[in-house]
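Letters A, B and C mark the chains as written, and numbering starts fresh at 1 in each.
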Amino acid sequence: MSNSLAPALAYETIVGLEIHVQLATKSKLFCGCATRYGQPPNSQTCPICQGLPGTLPVINQHAIELAMDVGLALDMELVSGCRWDRKHYFYPDLPKGYQTSQYDLPITRHGRLEFRDPADSEKTCVVRINRAHLEEDAGKSLHGEGIDGGTWIDLNRTGTPLLEVVTEPDLRSAQEAKAFLIQLRTILLYLGVSDCNMQEGSMRVDANVNLRIKNETETIATPIVEIKNLNSFRNAERAIEYERERQLKHWRETGERMGQRPKQTRGWDADREVTTVQREKEEAADYRYFPCPDLPPVVLSQTSIDQRRAQLPRLPQQWKSEFTRTWKLSEYDASVIVEQGRDVAEYFETVAQISQDGKRSANWITQEILRLLNERQQSISDFPIAAAKLGELVSAVSNSELDHARAREIFALWLTEPISLREAKERLGIATVSGNEVEELVNRIVAENQAAIDDYRHGKKQALGPLIAQAKQLNSNVSPAKFREALLRAIDST
Amino acid sequence: MAEKSNLTVAERISLFRSGRSSVVESTRETLRNITEKNPSLNAFIEVWSEEAIRNAELLDRKRTSGEPWGPLFGVPIAMKDNMCVAGRICSCASQMLANYRPTYGATVSERLVAADAILIGRTNMDEFAMGSGTEYSIFGKTRNPYGGIEVDTAPAGYSPGGSSGGSAVAVAAGMVPLALGSDTGGSIRQPAAFCGVFGLKPTYGRVSRFGLIAFGSSLDQIGPFANCPDDLELLFQVIAGHDRRDATSLSNTSLEHAKTKTPDKPLSEMRIGVIREHSAQELSPDVRTALEETERHLKSAGAMIVEVSLPKQEHAIATYYIIAACEAASNLSRYDGMHFGHRAQRREASESLESVIAASRGEGFGPEVKRRILLGTYALSHGYAEQYYQQATRMRQAIREDFAAAFAGVDLLLGPTTPAPAFAIGAHSQDPVAMYLTDQFTVSANLAGLPAMSIPIKLEPLNSADSTLPVAIQMHAPPCGESRLFAAARSLHSRNQMIETGAMT
Amino acid sequence: MDSHNPAETTQDVTVETICQLERLAYLRLSDEDRGSFVNDLRKILGYARSLASLDLKDFAPQTHAIDQDNVMRGDVIEPSSSVEEALANAPVVAGSFLQVPRVLE
């Protein structure tokens, strides 16, 4: 209504996330079937993951190890004697009628994750992690495929190991949720526990969202909505943002509070950019959790925990501080490189170690390589120039054996030709200019440009520029830096 | 009265060695015997005649080839119909699995084949092993070879017990020398007692459960039936052992560890505890005298008899039925008619998935299975799990501790297998609690994971002159103490043989 | 057993309870079945109720028959079933898929 006053409301958006991460094991959680993506339907199952009568599960030890890694990386408590529970519900892509999961004794719990505040890069946000538990994935349902609209079931994915990471409701905006997810994915990628490929469903996000609205007298919580199966960080951000607005509007219209309606599950419609109701359950689901009698508990000894900790790969934060300390990178450059993932960080480290020039190595990577990778939709492991070669090139520039322009020519050649630095220089006619040749060049330039030299001596520093350009014209291989050095020496000594 | 083939397994094999019989001849004889006796007893659901003869032929070839012989060479073995044999229907006597044909075999089936045994057929049972009378079966009831038909008291004859009644009867009637059953709360020992054969429930984890269609996974254990302790032990040795496909199967380390705590002993050095709480129950006079005779015999063999107490026994039945029902309700969730097994016809094209699943389960399961699914679902549901399931799991621990305390002072425990000999078919079908109480002495071994054996002691004449019913006792051993049970069984068996042959009165 | 009266029943269970269990367990019963299961469950639960009132705090819940832990397998790929084998027991098949009645989302 036009005459209604819409006072600015003080409210907070409250977001908690549940992230399903497919663990990078070769075989399934309880049987030996492979976990490959995109296989022909029902070609990657066995009696065990099909849940056929009489079959029994046996835990994949590597799934336990990967879950331990996540626990260690997120400062979590590793639960010795974690247990397996059956969560009962009927759905045709769940062949046993229950999902084997972990209920009250998850493998790891009570951790935290820090990430840069998207609203203020000087600040960090901290999100508490409630728990991360192991469970088996379900199969895939293709609805309405059969004649008479039946559903088709493919059980290839059934039994794939998932780690479900559950945060406390500590996030305060869609942007924070996205930043958290990026940081979490970066860590998981560094650990190598998952490929985090969201298109293939290796990382799936559910968001619980509601608002806390403050008026003069009280703080009112709106009903919690769970948005299911967000398949990209962008969609996660947009869906939460949409939900914030929708709930605010809904509250203004109805004043509905938490507890006044059952928990809603909504889905994100990426085309229409809205969330839609999927399910509203009157009674809370009764999963009848019950300890799985087929699986003995997993007891993590201190020794096994220590061993795993010792083998833990360096985490993003450790790489970052290494880069700023040893290679003197700015916080920003270090972050840009580290956020690209472990392969890029390792690539940088090799380049820097060979060239002994961190700053220049970082520039090549952030300005040239990342752009190219993006253009070519390529990963660093497929990039044609190996780190060692780039290291050699950067080293040559640092030692003034090459100028930047010539180095770029070599770099461009390397993108198509797998040849050595020496071969590349020969191909491009780049020869090393000897000290004597530089001296001769200096003598010639000094002799021919006395006026400019005088200008320089009288303080006109820029007078040297044209002289260096002249030298480059006379001998394209001469290093401008070395020539400049020799020229200054000559000027000083006369 | 059943005629038993008197041959032990060792004697059968020696016939093959000496060339007095071929495996094919012997197998044909077995098949003839089954064909003759099965119609009145209904022990077998299916006999794998062709495959049995084919395998017998292969074994006969092996006899002349000089290859080493497996320990069960040419011995026909009956399988309870809840153990998978690759390519064979395995139905659990249920409409739900009436046509279910697994492509995989149970570890026990594979071990038997590797031991050169001949799998002869599948035997009747209570549906999904839930029952104590082999009467809840889509294949009809099985009859005890003992007791005959008594017009007034047992018009349909006597119950073989259950749930492994078919296997017990197959051995008792001499159709086969050996059979496998499964025991979740007494399903081997109770039918063994009713049918007068030896039946062993091994220590939980000694025999792989892979390929055994689950009822109560933390209670189920496969075990042997036989007519004598030697045969029983032979079959047990073949099927026992670690299996990497069953995470609850005992590792060799665990087995070694348990065995050092339970060393073998001659009977003359054993202390045997009589379970006070069991002998204080209302027992039939036959069972009581069998217990007394057993005590006397064990004493004369040099064992020391003491009384021990298991104070939590009065709660064993309630604990067992709650836990077993919860595990069953969970295990049976997979039968939804969507992936395998019985699927109901849709009543209309628009019938929902949920409705078709519920109908499939409603049609596929029989009354006792439904009863346990309802009970287990109730005991695990929100608001009740704490007072039923949780309490039962705590009581289970208390019962385990009772046994551990008792075994600190004795080497074996002695008590009844059942309160009375076989009941008439149909006697308990109206009252589930009365039926459940027939298991009151057997469930504790499952709760505590202990080995226990039913040992036949005598045949007691029925009122009507020419019929008898077997009477048995039960012994429990500490974990992995099966060899003590075999020692006691051998001693009792030779005593009984002497009585039979009139050498002792 | 002496301390129990097998005739003791609990009145907590009604036909409504059975209907609720049917929904949870996806189990369709006939009206006749429902009536007899009410009686059975009352009897059984009445019998089992003795457990609920006991103080068993000193006993840790025991869900396994034996104490064994850390039984695991290595992360090794083993051959899967062929599609034909995988679908051998499926009631309805469509190509390489299992087919089930329409799932209403």
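Here are a few things to note about the model shown:
The working rule: a contact is a pair of C-beta atoms (placed from the backbone, for glycine too) under 8 Å apart; a residue touches a chain by one contact, two chains touch by 3 or more.
Remember, it's a predicted structure, so these values are computed and weren't measured experimentally.
Among the chains, the centre nearest to the mean of all shown protein C-alpha atoms is found for C.
Sorting all chain pairs by how many C-beta pairs they have in contact places B-C at the top.
Taking each chain's centre as the mean of its CA atoms, A is the chain most distant from subunit C. Note: centroid distance subunit A to subunit C, computed from Cα atoms, is 42 Å. Taking each chain's centre as the mean of its C-alpha atoms, subunit A lies 57 Å from subunit B. Separating the CA-averaged centres of subunit B and subunit C is a span of 22 Å. Within subunit B, contacts with two or more other chains are made by residues 100, 102-103, 218, 244, 247-248, 329, 333, 336, 338-340, 353-354, 357, 377, 381. Looking at subunit A, one finds that residues 47, 50, 52, 58-59, 90, 92, 148, 151, 153, 286, 288, 293, 296 touch two or more other chains. Listed for subunit C are residues 24, 26, 63-64, 68, 71-73, 81, 89, 92, 98, 100-103, each touching two or more other chains.
Listed in rising order, the residues of subunit B touching subunit A in the complex are 82-84, 90, 92, 97, 100, 102-104, 106, 209-214, 216-218, 244-248, 326-327, 329-330, 332-336, 338-340, 349, 353-354, 357, 377, 380-382, 385, 389. Of all residues in subunit A, only 47, 50-59, 86, 88, 90, 92, 95-98, 148, 151, 153, 284, 286, 288, 290, 293-296 touch subunit B in the complex they form. Remark: subunit C residues 1-4, 6, 13, 17-18, 21-22, 24-30, 33, 37, 40-41, 43-45, 47-48, 50-52, 54, 56-57, 59-66, 68, 71-73, 81, 85, 88-92, 98, 100-104 touch subunit B in the complex.
Those residues of subunit C that touch subunit A in the complex are listed here as 24, 26, 63-64, 68-83, 86-87, 89, 92, 94-103, 105.
Partner subunit C is touched in their complex by these residues of subunit A: 25-27, 31-34, 40-47, 50, 52, 58-64, 81, 90-92, 141-146, 148-155, 278, 286, 288, 291, 293, 296-299.
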